[in-house]
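As C-alpha cells, the structure follows; a few thoughts come after it.
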Amino acid sequence: MKTMRSAGWEWLIAQRWLLPVLIAVGFVLAFAIPEYNLFNKYIQLVMMYVGINIILTVSLNLVNGYMGEFSLAHAGFMAVGAYTAALLTQKVLPVAAYPGLFPLAVLAGGLAAAALGLIVAVPSFKVRGDYLAIITLAFLMIVKSVIENIDAIGGPRGIPGIKKLTTLPWVFFWTVVSVWVVRNFVYSKYGRGVLAIREDEIASDLMSVNTQRVKFLAFMVSSFFAGIAGGLFAHVLQFISPRVFDIIKTTDVLIMVYLGGIASIGGSILGATVYTVLLELLRPSTVAAMLAWLPAMVFDPLNEYFIRHLGVWRMVIMPLALVLVMLYWPRGIMGLREFRWFIPRRDLDAHRHDAHGGSHGAARGR
Amino acid sequence: MSEGIVYWLQQTLNALQLGSIYALIALGYTMVYGILTMINFAHGDVFMVGAFFCFLAAVYLGLPFVPTLLLTMLGAALLGAMIERLAYKPLRHAPRVSAIITALGVGIFLENFTLALAPYPKNIPALLENVTWDLGGVSLSSLQVIIIFLSLGLMFLLDYVVHRTPVGMAMRAISWDKTFVPLMGVPLDLIISVTFAIGAGLAGAAGTMYALAYPVIDPYMGIMVGWKAFISAVVGGIGNIRGAMIGAFILGGVEIMVTAFFPSTYRDFVAFTLLMLLIVVRPYGILGQPRTQKV
Amino acid sequence: MALLAAAKVKHYFGGLCAVADFNLELQAGELVGIIGPNGAGKTTIFNLITGVYRASEGSIRLRDVELVGKTPHQITALRVGRTFQNIRLFRDLSVLDNVRIAHYAQVRYSPLEALLHLGRYRREEERIIENSRRLLSIFKLEHLAGETAKNLPYGSQRRLEIARALAIDPELLLLDEPAAGMNPNEIDQLMEFIQWIRREFKLTILLIEHQMKLVMGICERIKVLDFGETLAEGPPEAIQNDPKVLEAYLGEGPVG
C-alpha cells in the first residue's frame, strides 16, 4: 500500500521537466555564488573540484563501465588536455591579450586528448581485459615521460603560474555538457553497441555492430572529456607537472567510477561527489572548523589526539571505507542502475509492460 | 678484457640484480592471477611492507641477515594471507572489477598506514658485509651475488613446489577449474590462502633485498616497482610462472640497457614503449596463451 | 544466380582439417538442412559464412559479393542473420535491447547526431523501437520487453534469439540447432514456425539440426557432413535411404 510519502516521491520523479529547471537554477547559482560570495572561497574551490571530478568519472565510466574494459590511461588524457590548454593560455595566445580565449583553450585541450584517444583505441581491437590494461598503463607512462623530457614545456618541473581562469560557471557548464553528451552516447546505437561489446563482442559483431567504430567513438568521447577536465584543472590549480598526472591520479578516478557504480551516469556523479567531498571533509582544518563549537575542554584533546593527525590518517580511513563499500556493494553504489531522469522518455516507454524491470536501459530508476 | 665486454658484463649483472627483484614480485602477481584471475594490486605494497619489516627486524630487533630475511618473509606471508581472507575472499563471486578496486584500496591503505607510522624515509643498516671483487674490470659485489643467487634459489624452490609437490599440484588444478576440483577433496580456501602467502613471502624477500641494495626505503616505493613487476608478469604471459620470471628479467634488462644508451629521464619512456610494442606483437605475453572462445 | 554459393571451401585449425571441400548452392527461397554427427564441421561452416573465421581456401559468395575476407558485421550488414548452437543473447541487457542492437547497421544517423540527439536521431530511434516491438509481438515476447534476457525461460530465449536475427532484415537466415532441448510438441510448433517465417519474411534458410523429425519434415534438401566432408546431398527421401548416411549415424531421433 503506497503511503502518501512514497506517492509524493513517485510523483516528483515523474516530473521530467524538473531536470532542466534544476540545471537552470544551477547555472544561476554558479554565477551567483562567486559573485556574492554565498559560500566561502574554500567551498567554492571544492565545488569546482567536484565538477571536474564528475567530468573525469563520467567519461571514464564510458570505457571502463559501459564497455567493460579496464583502461588506466585516463590521467594521460587529462595531462594532454591540461598541458595543451595551459600552453595556449600562457605562451601561444596569452590570455592577457585574448581574454575570451580560455574556453577555446580548454576545447583545444579536449580535442588534443581525443586525438590521442584514437591511438589507444587501436590496440583495443585485438586485445581485451588485462592486456589492454597494460597497454593503457604503458600509454600513461609514455605521456608522462614525454612531457618530462621536453624542457620547452617545463619538463619535470612543470608549468607554474597558470592564470586562474576556471570559474564555477565554466565548471558547471562543462559538467552539464559532459554528462549530457555521455548520456546521449549511451542511449544511442553506439551506446547499445558498447553494452553489446561488453556482453559478447563476437555476438555483437555478428549482430551488425561495427565494433571498431564503436570502440573508436567510445575512446574518443572518453578522452575528449578527460582533456576538458584537464584544461579546467590546470586553470584552477594554477600549476601542473608530470607528477600530477600519474597512476595515482588514474587510481583516484578509477575509485570514483567503481565506487559510484559502473555503467551508471548517476552513479558517476554520486561517486565523484562523495569521494571528493569526503576527502575534503576529512581534512584536519575542515573537521576542526566543523567541531569548533565544542567546548574547549572537549575540543582541545580531540584536536590534539585525533584531528591533527587526520592529515595522514584520512588517507588510511578513506581506502578502508572504500574496501567496506566494495564488500557490501560490489558493483558500486549504483552499479548498472540509473536515475530515471537520465533515461530518455522514449527508452522508458519502450520498456513498458515489464514485470520487474531489467538492468540497463529498462524502466527502473530512483 | 676489452672495455666493451667489461661494460656489457657490468650491465648484465645490474640487469640480473634488478630482474631478480622484479621476478620475485612478479611471481606473486602471476600466481594469484593464475588461481583467481585477479590482479592483486596491493601486491606491490606488500613488497614495500616487507622492506619495512626488514627495517624493523634489523633496527629494532637488531637481528642479523638470515633471521631478518626469514622474519620478513614470514611477516609478509601472513600479511598476504590475511588480506586475502579479509578483503578478497568475500568478493570471490563478485564481478572482477570489485576485487580489483578493493585491491587498490588495500594498497592505498598499506601505503598511508605505513606513512602514518613512519613519516620519514628510513635507512637500513648494512646487514651483510659488502665485499667488492674486481674481475678484469667488472666490479662484482657480494651483495649482488647474494641477491641474484638467493632470488634464483627461491624461484627454483617455487618451481619445485608448484610442479612437484601435492600442494603445487592442487594450486595448478584449482587454476584450471574452481568448481569441481574442490569436490575431489582439494581444500579450496586453504590452497588459495597458501598461494597468496607464498606470493607475499616472495615479495617480502624482494623487499629485504631491495632494502639492502638501495638502503633508503619509503612508503611509496612499492607503487612503481609493483606496476613494473605487474607488467613483467603480463609480458611473460600472466598466469604463467616461468613466464613471470622471463618477463621480469626482460624488463630488468630493458631498463638497464635503456639507461646505458639514453639519458636517465628517457628510461621509463623507452622501456614502456618497447613493452607496449611487445604486447602488441604478442598480445598474450611470451608464454601466455589466448583463452580461445568457442563460437 | 544463386543466393549463396560456397565453392571448394576448406578450413584448417592449425593442422586439423575441420572442413574439406565444401560446396553448396542455395537458391533464393530454399530451405536447406545440414546434418551430421557432432564435430562434423557444421557450425564451423556457419562461422565461415558469417566471417568469424576466414576460410583457409575457397570462396563463399552472396550473389556476386565475395564474403571470404569480410568482417562479421560487414557480412551481417549484407543481410545474413544467424542464431547460435548455445544461445548467445546479451544476457544482462533487456529483451528489447537485444533486438534493438541488431538494428545497428540499419540505423542512419551520424556520431554527431547521436552525441547531440539531433537531426535524424529521434526519427530513427522511434523507427527502431517500433520495429523491435513489432518483432517481439510476432514472437509473443512483447510483454517481456523490459525483462532481462537471462531471466527468460529457455524456450523464450530461443525465440528471442530468432527475433534478434530477424531484426537484421535478413535475406539469408542461418539457424544453428533451433530445436535443441525441445520436446516433440514444441518441435512440431517450431516446424510450422520456420515455414511461416520463411513465407512471411521471404527468407532463404539454412539450418543445422540433429532432430531428424524436423529436418526430414521441412527441409527441401539435406546435406550430410562427417569429419568435414560431404557424405551425401539430396532430398529427404534420398538421404533417409542412403546407406552411407545410415551407416554414419542415423538414429539420433524419430525419423519421418
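Chains: A, B and C, in written order; residue numbering restarts at 1 for each.
The working rule: contacts are C-beta pairs under 8 Å (C-beta built on N, C-alpha and C of every residue); 3 or more make two chains touch, one makes a residue touch a chain.
No experiment lies behind these values; they were computed from the predicted model shown.
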- [ ] Please list the single chain whose C-alpha centre lies closest to the global protein C-alpha centre.
- [x] A
Task: Remotest chain, chain A as reference, centres from CA atoms - done: C
Task: CA centroid of chain A to CA centroid of chain C, Å - done: 42
Task: Gap in Å, rounded to a whole number, between the CA centres of chain C and chain B - done: 49
Open item on the list: Roughly how far is chain A from chain B, centre to centre by C-alpha average, rounded to an integer in Å?
Closed with: 33
- [ ] Send over the residues of chain A in touch with two or more other chains.
- [x] 202
TODO: Specify, in ascending order, the residues of chain C that touch 2 or more different other chains.
DONE: 52, 84
Open item on the list: Counting only residues that touch at least two other chains, what does the list for chain B look like?
Closed with: 295
Task: Residues of chain B defined as touching chain A within the complex - done: 33, 39, 87, 90-91, 94-95, 97-98, 100-102, 104-109, 111-113, 115-116, 119, 223, 227, 230-231, 234-235, 238, 263, 265-266, 268-269, 272-273, 275-276, 279-280, 283-285, 293, 295
Task: List of chain C residues in touch with chain A within their complex - done: 50, 52, 71-73, 76-77, 82, 84, 88-97, 100-107, 109, 111, 114-117, 121-122, 125-126, 128-129, 132-133, 142-149, 151, 164, 168
Open item on the list: Give the list of chain A residues in touch with chain C in this complex.
Closed with: 181, 184-185, 188-190, 192-193, 195-196, 199-200, 202-211, 217, 221, 336, 344, 346, 350-363
TODO: Show which residues of chain A lie in contact with chain B when the two form their complex.
DONE: 64, 70, 123, 126-127, 130-131, 133-135, 137-139, 141-142, 144-146, 148-149, 155-156, 202, 247-248, 251, 254-255, 258-259, 262, 309, 312-313, 315-316, 318-320, 322-323, 326-327, 330-331
